[in-house]
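Listed after this line are the structures, all set down as structure tokens.
Two complexes come next, and they have one chain in common, chain A, joined by chain B in the first and chain C in the second.
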Partner chain A sequence: MKRLLKLYMARPELAGIVLLVVLLGVFQFRSDGVFLNQQNIRGVMGLLPEMGLVAIGVTLLMICGEFDLSVGSVFALMPMTLAVAMNAGLPFLPAMLLGFLVCAAIGFVNGYVTIQFNIPSFITTLGMLFMARSLTVVISGGFPPLLSSDIPADLFTTYVGPGELFRLSFFWFLGIAILASWLLARTNFGNWIKAVGGFQEAAAANGIPVRRVKMICFILCSMLAGFAGMIQVFRLGSPLPSLGEGLELQAVAAAVIGGTALTGGIGTILGGIVGALLIRVIDNGLVLSQVDANWFKFAVGFLTIFAVVVNAGLIAVAKKIKVGS
Partner chain B sequence: MRLDKIIRQLGKGSALAALVGASLMLAAPAAVAQDEPLDVVFAHHSSASNPFWQAVKKGFDDACQKLSAECQMLFTQNEGSIEQQVANIQAAMARGPDALIITIVDDQALDQIVADARAQGVIVIASNVDDTEGADGNERQAFIGQGFVAAGHALGKAMAERFPAEGPISAVVGVSAPGQNWSEQRAQGIMEYLEEYKAANPDREVSIERLDTGTEGAVVADRVGSYLNANPDTTVYFDTGLWHAYVARVLADRGVPPGKVLLGGFDIVAEVLQQMEAGYIQVQVDQQPYMQGFMPVMEAYLAKSFGLSPADINTGTGLVYPEDVEAIMPLATQGLR
Partner chain C sequence: MTDTQTPLISCRGIEKWYSGVHALDQVSLDVNRGEAVGLVGDNGAGKSTLIKILSGAHAPDGGEIAIEGKPIRMRSTRDAMNLGIETIYQYNSMVPTMSIARNLFIGREPLKLQLGGFGIIDLKRMNQESIKALANVGLHLRSPEAPVGELSGGQRQGVAIARAMHFRSKIMILDEPTNHLSVKETNKVLGFVSGLKQQGVTSIFISHNIHHVFECCDRIVAMARGQIVLDKPKSATSMDAVLAVL
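Right, the complex of A and B next:
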């Protein structure tokens, strides 16, 4: 029993889950029962995949020991590239592939500059944040282009299932989350990611291709951000150049709330998803609780810090539990 | 025994979490419950740090107080974030409000959510920014706000009366939010007038430059300040918002005398009025934000209570000059102008 408890308490995502459950109760009470009604769940779950996909990418990269602050800009750049390409006459599939290629190129540049010149990824990707955002405005020409009617937006935006509770985007997100979890937990590559993030020198000494692992993580992170942006644009119907501003901080917060260590080596995909869901729940719950708008950011920040503090506390408590041999 | 202590600590921790969360929520002001009070949500695209929207909020709050309505204004966390605005609207709709007041800064992004709201019988009124196609482009029932292109044109024309009598004219238009209706249309109006001026004055060299300047005072000051460094012969800078007030500070810090670079823009806030008093800003367009917060609530009340159709209101393209500042300043500091 003690061993089980120690194992559960040492899971980095536990604090996020505990806080999620507590907040669900608080917001349900404060909103007079509206928070968990069908319409609101539909709304929250409809938006979760966009934030969740970015959080998955950022979580993977953070476990690997790096950051990517350009995800918010890539979030806008990919769908803008797709829209501009289609308006120029390219069919949907090639335009989408072009968009993903742009994301991969950005991820590659982020990784190459960080690794080759040995500079903190925080700085590299901070610069890329501005460059990618500017590129988005440049290729749009100032006005968001019209989305072509040939785009199969229904593949992502249609509501399905009993009570039409979930958009199809949720199932895309679920599939990618399962794939990412499997990659991290069940493959050699996943072990390499954790080893590189945990102790890079030891990983290299053990023959792990550190540069390749990091490069792949940077590229995956960018591509997931681009995919998430594409889903949001299909939902909104307009590839706005301002999409995703501030998303990078939310994604990092989601990863950390879910138990991913800022120093690398520790974290789970489930934790990143729980963190993303928590941020969505906080946003949504504060609106329904009619918290004064001027206190909004304060509440979001406070709850974010609180989640991380609880997480650290739980891990510290877990370490103190002595389990007999 | 040690395990029991740990579990007790955890239990306390969870209870503490619940208490903190609950007290945080309870600290928020709650509306007084009445028999079916009017329930209005105002969800726009701006953040709480934008002073213009505090004047709109004042009008909104005052109207709600007069009607004893249950009201909520939702700001975005990032300035100009349409996706956050849509998320806010979706959350608010779950409560089933009577009326929704929105800004339509993009012609597509809010179409579906407004259509869904109308299908649920919610009164929807656009305020401050409208779809560029008006009622043809969105199912909102009315628009209360300023005609942006006309306002930009009026600003350009008023400023042209202050151009130097001779010499080349170098005009810069700072587009605060590229791609957003309100900013692009104001810039369009200004540039249309400048092109007319250019055509009417073929013997003068008139250059028109467009810049992406941003919606944060420090960012705008930095970008435009750098441009003016590189282009010291600039005649006039137009901002599509109120951020030229920060450009005025940069000019003052550099010792550039007032009027050397003409400045003009939109919306009356205290910072702008201060710079008009100092002589750095020559013309400002007022769209009367208090009215943009006040009138939609009144129209929602009339629609809900008596079935009257909401109607468009032009909140004005009034031009404000330095000589008007003394009268307007007390109202601006109270959030009424």
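Right, the complex of A and C next:
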């Protein structure tokens, strides 16, 4: 029993999960039961995949010890590339591939510059944030292009399930989340990601290809951000050049609320998702509780700091629990 | 026991320059099977450079290395590991946030299914083999799933030694494994090193503490200014003689 307690208290995502449960209760009470009704759950779950996918990528990259601030811009650039390419006459599949290629290229440049010139990824990706955003506006020509009607938006936006509770995008998100968790926990590559972020010198000394592991994480992070942006554009029906502004910091906040360490090595995909869900829940719950919506950012900011403090406390307590051998 | 004449590892005329500094000047060293060589020298004497070359972390600027008589060229620490050279570093080659079992098999995880070097870890086998590997060096820990960060410095070095033993290395290089350890922990690590000899593992033990080296090695090699200045069996020399040449 004690051992189980210790095990769970040391889990990095615990604080986030507890906060989530508490907030669900508070909002349910404050909104007179509207919060957890079917219609509202449907609304929250319909938006979660977009932010959740970005959070998965950012969490993965942060566990490997790096950072990506360009995800918000890539989020807009991928669907913009897709729309512009389709308007230029390309069919959907090649246009989508082109979009993902652009994402992969950005991830590659982020990783290559960071590793080759040994500069913090904070700087590299901060630069990329501006560059990718600018590219988005330039290729759009300043106006949101029309989205071709040949896109299979139904594959993402259709409501399914009991009471039409979920959009299909939720299942894409769920699938990718399970795959990413599995990658991190059960494969040798996941082991290398945690090792590189946990203590890079030791990882290198044990023959782990540190550069390659980091490059792959940068590229995965960018592609997931692009995929999330595509889903949002399919939902909205129009690729705005300003999509995803501020999303990069929300994604970092989600990862951190979920227990991912800024220094790398510690974190789980589940934690990142819990963090993303928390942010969505606050956004929605504040409105339903008739609180001025401008308090949203305050709440997210407070939660970020609070979650980290609680987490540190929990881990310290868990360490003190003595387990007999 | 057929090739007792051929040294297990043999270096001939190793040269290394670091931005104008002659770090290694024509260093030649043979280590025979089953020997426990103690490598001593002051800071900057070149012992760390020599070890970095032997462990594949750096490439020499000149000279040759042969293992069991066969000339070899190492491009990475991975190459060295594949040739049977394991190195235990002073700064600890463990990831503190990961479990003992995951650390033991880091980079060499037992896989259930694999494709092009990428695969699913066989967690059950990894845990079972971890317990065995730890018991082999006389280390009895609560659970192989506990994070390495909860272990003491001496225990961590024990895990590192267990790892090297498990992968049946031909030669184990211990680069100042007793640095930053308390007296009690140091004794524990010296115990591990003495245990290696009984199990027939060849080792090179680097330290700037002459007492440690005399305690668990049977041949003393001293370096100064990038050269080997003394190379004698322990019985044929003394601490004073070694200190005199450093």
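Keep in mind that, in the parts below, the second predicted complex is superposed on the first by the 321 of 325 C-alpha atoms of A that agree within 3 Å, B and C clash if a C-alpha of one lies under 4 Å from a C-alpha of the other, contacts with A are read in each partner's own complex, and residues count from 1 in each chain.
To be clear about the criterion, a contact is a pair of C-beta atoms (placed from the backbone, for glycine too) under 8 Å apart; a residue touches a chain by one contact, two chains touch by 3 or more.
Computed from a predicted model, the values in this text were never measured in an experiment.
*Asks:* Is A:97 in contact with chain B, with chain C, with both, or with neither (first, second, both, neither)?
*Replies:* It touches nothing on chain B or chain C.
*Asks:* Classify the contacts of A:262 with the two partner chains as first (chain B alone), second (chain C alone), both, or neither.
*Replies:* After superposition on chain A, A:262 lies in contact with neither partner.
*Asks:* Using the touch definition from the top, say if A:203 reaches chain B (first), chain C (second), both or neither.
*Replies:* Second partner only, chain C.
*Asks:* More residues of chain A are touched by which chain, chain B or chain C?
*Replies:* Partner touching more chain A residues in the overlay: B.
*Asks:* Tell me which partner A:25 touches in the superposition: chain B (first), chain C (second), both or neither.
*Replies:* first
*Asks:* For A:119, decide between first (touching chain B), second (touching chain C), both and neither.
*Replies:* neither
*Asks:* Looking at A:319 after the superposition, I want to know if it touches chain B, chain C, both of them or none. Which is it: first, second, both, neither?
*Replies:* The answer is second: A:319 touches chain C but not chain B.
*Asks:* After superposition on the shared chain, which partner residues are touched by A:232: those of chain B (first), chain C (second), both, or neither?
*Replies:* In the superposition, A:232 contacts chain B only.
*Asks:* Enumerate the contact residues on chain B facing chain A in the complex.
*Replies:* Within the complex, chain B contacts chain A at residues 2-3, 6, 9-10, 13-14, 17-18, 20-22, 24-25, 27-31, 48, 57, 72-75, 77-78, 80-83, 86-88, 90-95, 106-109, 111-112, 175, 177-180, 184, 212.
*Asks:* Under the definition above, what is the set of chain A residues touching chain B in their complex?
*Replies:* Going through chain A, the ones touching chain B are 2, 5, 18-19, 22-23, 25-27, 29-31, 34-35, 37, 39-40, 43-44, 46-47, 137, 140, 142-144, 146-147, 232, 236-238, 240-246, 283-284, 287-297, 299-300, 302-303, 306, 310, 313-314, 317, 320-322.
*Asks:* Touching residues of chain C toward chain A in the complex: what are they?
*Replies:* Going through chain C, the ones touching chain A are 57, 76-78, 81, 87, 89, 91-98, 102, 106-109, 111, 118-121, 123, 142, 150.
*Asks:* Applying the document's contact rule, which stretches of chain A touch chain C when the two form their complex?
*Replies:* Against chain C, the touching part of chain A is residues 186-189, 191-192, 194-195, 198-199, 201-208, 265-266, 319, 323, 325.
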